[in-house]
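Right, I'll just put the structure down here and ask away after.
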Amino acid sequence: MITLTHYFILTGILFSIGLVGVMRRTNLLMLFFSTEILLNAINVGFVAVSKYYNDLSGQLFAFFIIAVAASEVAVGLGLLILWYKRNGSVDLNSLQMMKG
Amino acid sequence: MENYLYTALFAPLASSLFVALFAARPKMLFTGIVASLLIAISMIASFVLLIDVNTYGPLHVSMMDWISAGNLEIPFGFVVDEVSVIMMVTVTLVSTIVHIYSIGYMDHDKSFNRFFSYLSAFVFSMMILVMSDNFVGLFIGWEGVGLCSWLLIGFWYHKHSASWAANEAFIMNRIADLGMLMGLFLIYWSVGSFQYDEFFASLKTMDSTLLATIGLFLFIGAMGKSAQFPLHTWLADAMEGPTPVSALIHAATMVTAGVYLVIRCGELYTLIPDVGFAIASLGAFVALFAASMALVNNDLKRIIAYSTLSQLGYMFVAAGLGAYWIALFHLMTHAFFKSLLFLGAGNVMHAMHDELNIKKMGGLYGSMKATAILMSVASVALAGIYPFAGFFSKDKILEVAFNEGAYFLWFALFIGAGLTAFYSFRLVMLVFFGEKEYEKYGIHPHEAQPFVIYALLPLGLLAIVSGFLEHTFEGFVTRLLAQYEIHIEHGTEALLIAATLGIALSGIAFAVYMYRRGGFPKSWEERFCYKLLSNQYYIPKLYELYIMRPFSALANFAWQKIDTKVVDLTVDLIAKMVYSTGEKSRKMQSGNLSDMLRWMVVGMIGLLILAFVYRPMV
Amino acid sequence: MEHILSLLVFFPAMAGLLGFLVAKESIRAYGISVSAIEFFLSIILWIGYDSTNAGYQFVEYYPFISSYGMSYYLGVDGISLFLVILSTFITMIALIALSIEKEIKNLIISVLFLEMTMVGVFVILDVIWFYAFWELSLVPMLYIIGAWGSVNRMYAAIKFFLYTFAGSVLMLVGILYMGFLYHEATGIWSFALPDWYLLQVPFETQLWLFGAFFLAFAIKVPMFPFHTWLPYAHGQAPTIGSIILAAVLLKMGSYGFVRFSLPLFPDASVYFLIPVAVICIIMVIYAAMIAYAQKDMKQVIAYSSISHMGIVVLGTFAMNAEGITGSIFLMLSHGIVSGALFMLVGVIYDRRHTKLMSDFGGLASVMPNFATIYGIMLMASVGLPLSIGFVGEFLSLVGFYRISWVMTLLAGTGIILGAVYMLVLYKKSFFGEVVHAENKTLKDLNAKELTALIPLVALVAILGIYPKPVLSVIDMSVQKMLVLMDQKAVLQETKELLFKANTIGGTN
């Protein structure tokens, strides 16, 4: 039987993968992928909990997150392409203008 | 009579302020004349008051309120009673003569006007000191004379030694003033008033420890002003000032303020004979100690300064032993002959072009007969030879010491009398008689202007005759001061007088004998005793080594080590810590997105842990 | 007369705002006129002041944020009256003597803003507003030191600002807690000082609150060991900055003790009496010694300020009318005397561009008027009787003698050490031969400087000879405050000490 715990474990594993990706990757594109994994990990959690409580709000939230993630990727990819055109690289180490 | 009181008090102030208007201008003769006239007016008013007090008794006025706060009320009040009127007469008389004398003495000085302004200001302060009816008023005068003394010692401020001596005098007096202030505070908190009459009225209700404490504190103040050991070094150094200043301030008036204070508080000191005896002992010690330093000194003015110190010791013996009227009497006669001595010395200095070393003088009698005679008269009076003034007053002090059974004190004073006679005539002999040493230095001495000599004549006269006023004086001042009975048998008394006269005369004779033959051999100067005395018992050196230098070093240490290295550095360290924390944490802001995300994760984990630790307990 | 206090507070600031429109050439005259009008307003205040009434007068009260008990509440009593007059007087004199040419417009406007904050601190009775004025006073001073100071000015300005600011933050906490306590006790919010005066605070709480307020006041005074900002600030500040800083800003700290610490926390004040007195004695002696070691004339006077402020605070903690009245009078006299001394140093600095005593010597013969006025101020500074300096010092020490004679003796060494460093300064700079050729041609005081200095000299003499009109007004309010302290004290020991300190007789 697949219980809520199993879903949480899956969420945790997915989230950790996303988190490691966010921290380790230096390619901006890969960063976006990792962010997507993070968001989807949360989505899985929301849906599972929603099913468990028989409450639709969780699933509703998941849809919202998908929508927000999509728009974020749209804007983000646009900026990324702009940056690539200007600098010829999407490596994070070349992006250090905010150094304090 | 109030008008006379205010005239006596404010004429010197008027003089000082008027002359001050011209202080920065070159010499103007009229400033000196106006100042002398105004001081003379003050003197006449004082004499009128003397007669008035004699006929109608004391006069007490309250001019206006000064300070009031809480329970404290201090008015500007003045009292003219038997004691203060004697002081007023003495002060104004000597001041008038010194003013007139100074017109001649300061003739060539470019700061002639400024000098008279200061000198009159001094007279005003001194009048406040003696006339005030409360302790704080006395303290005004006390500090006022200190200020004028500072101004006048440092009158020739371009001389390093003069301004140094002025500062020394002021600071030493301040040390004593602190003691006096403490005494005043104690009086206030035990009586609730600074008025003399209220204080004396409540003496009986106070316990003796309290009285002794007050007495001691006040005497510390007196020690500073009257230059008693160990605060005596300033007086000799104060001779850097112009000679009229030395005559007026550092011989006749200001330095006797301490004695005046003890006499004024006679009712207090009568109740605490132990403190009185301590004062007398210190006085006797100083009498001998200062006389010994006068023996070997070669500086004309310093010899007289040490002599003043020694005579102040005599006065303190009398005051300490309860013979207040005798102390006051000696104060008065001493003022006359000592100022005469100083003013004569001023004439000599002028004649010798400011040369002070008596070894370089000699034989001046030929060219300055009048001065020589006046100074000899003053010296005889100082030595205490009948019928001169000093005999009456000083001899009485010895009798008092004997009468109290303080034979040790009597013996010290007895030896002191011999020493006094010796050093006075050593000075007279070296200056006026013997070889004309000055010829080697190409100096052509001349007598002072005639009016200067005439101005000195009253002092000369008083030095001779004022002793005969003894009984009138006693009758007058003992209306206020305690009577003092001397119970010595006639035979013993005569013997004592004879002995004192004898030692004084032999001192004179010895001096005359020795210095007619050219004085002591040079080899004496190599001896330890001579060096000890001529270096003033090494006390100034000790003060420099063990007080001034350590103070300087400590001050520098406090500034450069403690203040900048400890206190300020701690403050800066705190600021630097904050700053360096920022500097270090700045590395977190590498600008690299990965790093930021990592920090974000760290923060998130931190928050999760916090949420876990502080989770709501179910 | 109804709104005279508001006028006094805001007139200089409003005039300062208008000053931006005034042409650069006439800004000096404008500044002097504004400060003179302000000074005359404060004199009118004194004339209108009813000297038989010890309470607050010319009170203005408008609710400000009434739900939190904040109000616009002004009033003046004997304690603050003369400090207001001192502020307006010193500002006027300092502006008259002003010799800076650079950016003079900004300078004068800053000074006028500073005047608003100074007057505000002394007349405001709402504590939140008090805090606001207290902190605001730092800003113009920061600007004055930072913009017109000498070489190391940024360091000094920032040190001054951060140090005093950090101290006040704790006071803000104390203020808020005190407001909270008032709310707890009465159910309504109030930050009005007269309301707070009615609140009896438990002893333990008093100790904490006293500490919070103490730090702010102690840094401002400045008390040892929080004094190190002062020498830097004075060393770097332009003359006008030093004058106002020494004459008025330091008084805010000692005023705070009288206005807040003593009446709000009587038991704590008595409890901390001895430690505070020890700090004062350290200040007096230690600062006097450091002053002696200085080579820079201005630093001598800066450290002498610390030494004198020690006696001010000591007098405040004497807990009797003599001492507190004396300490308030000493604030006035120190304001006048130290202001004058800093001005005199400024005079010589303008001529020689140095303040080192070794660069002078023999000035008495070159600049006789300057030397005379300097001498008068010096004697007032060492507390010569019949000068203004004596009255306050004497009363403060008399007052504290009742608490402890040993401590009074130790603090009294200040009068000796004060004479030492001042006379040494005078000897080094004014006496002796003129050794430096540059000094031979120095000009004596000019008309402008004399105009600024002569009123100060006159005050030194007048208030020294007849201080009574000032003393009696102060005394009345102080006695009222002492009664209040006695009523509010929660401990029996405090009441006993207050009684003993104010009674003649008996041994101590």
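As written, the chain order gives the labels A, B and C, with residue 1 at the start of each chain.
What we mean here is this: a residue touches a chain if its C-beta (ideal position, glycine included) is under 8 Å from a C-beta of that chain, and two chains touch if they have at least 3 such contacts.
Just so it is clear, the model here is predicted, and its values are computed rather than measured.
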Query raised in the report: In terms of Cα-based centroids, which chain occupies the most central position?
Result: C
Report summary line: Chain centres computed over CA atoms; the one at greatest distance from chain A is chain B
Requested in this report: List the centre-to-centre spacing of chain B and chain C in whole Å, with centres computed as mean CA coordinates.
Outcome: 36
Report summary line: Taking each chain's mean CA coordinate, chain A and chain C are separated, in whole Å, by 63
Query - Intercentroid distance (Cα basis), chain B paired with chain A, Å - result: 95
Report task. Among the residues of chain B, pick out those that touch two or more other chains and give their numbers. Result -> none
**Report entry** Residue numbers on chain A that touch chain B, as the complex places them
**Finding:** 19, 22-26, 28, 31, 92-93, 95-100
Query raised in the report: Can you list the chain B residues touching chain A in their complex?
Result: 586, 588-594, 597-598, 601
Report summary line: chain B residues touching chain C in their complex are 23-24, 64-72, 136, 139-140, 143-144, 147, 150, 154, 157-160, 162-164, 167, 170-171, 174-175, 177-178, 181-182, 184-186, 188-192, 207, 210, 551-552, 554-556, 558-560, 562-563, 567-568, 570-571, 575
**Report entry** Residues of chain C that touch chain B when the two form their complex
**Finding:** 159, 162-163, 224-225, 227-229, 286, 289-290, 292-294, 320-322, 325-326, 362, 364-365, 368-369, 372, 379, 382, 384-386, 390-391, 394-395, 397-399, 401-402, 405, 408-409, 412-413, 415-416, 419-420, 423-424, 427, 430-433, 465-468, 471-472, 474-475, 479, 502, 504-505, 507-508
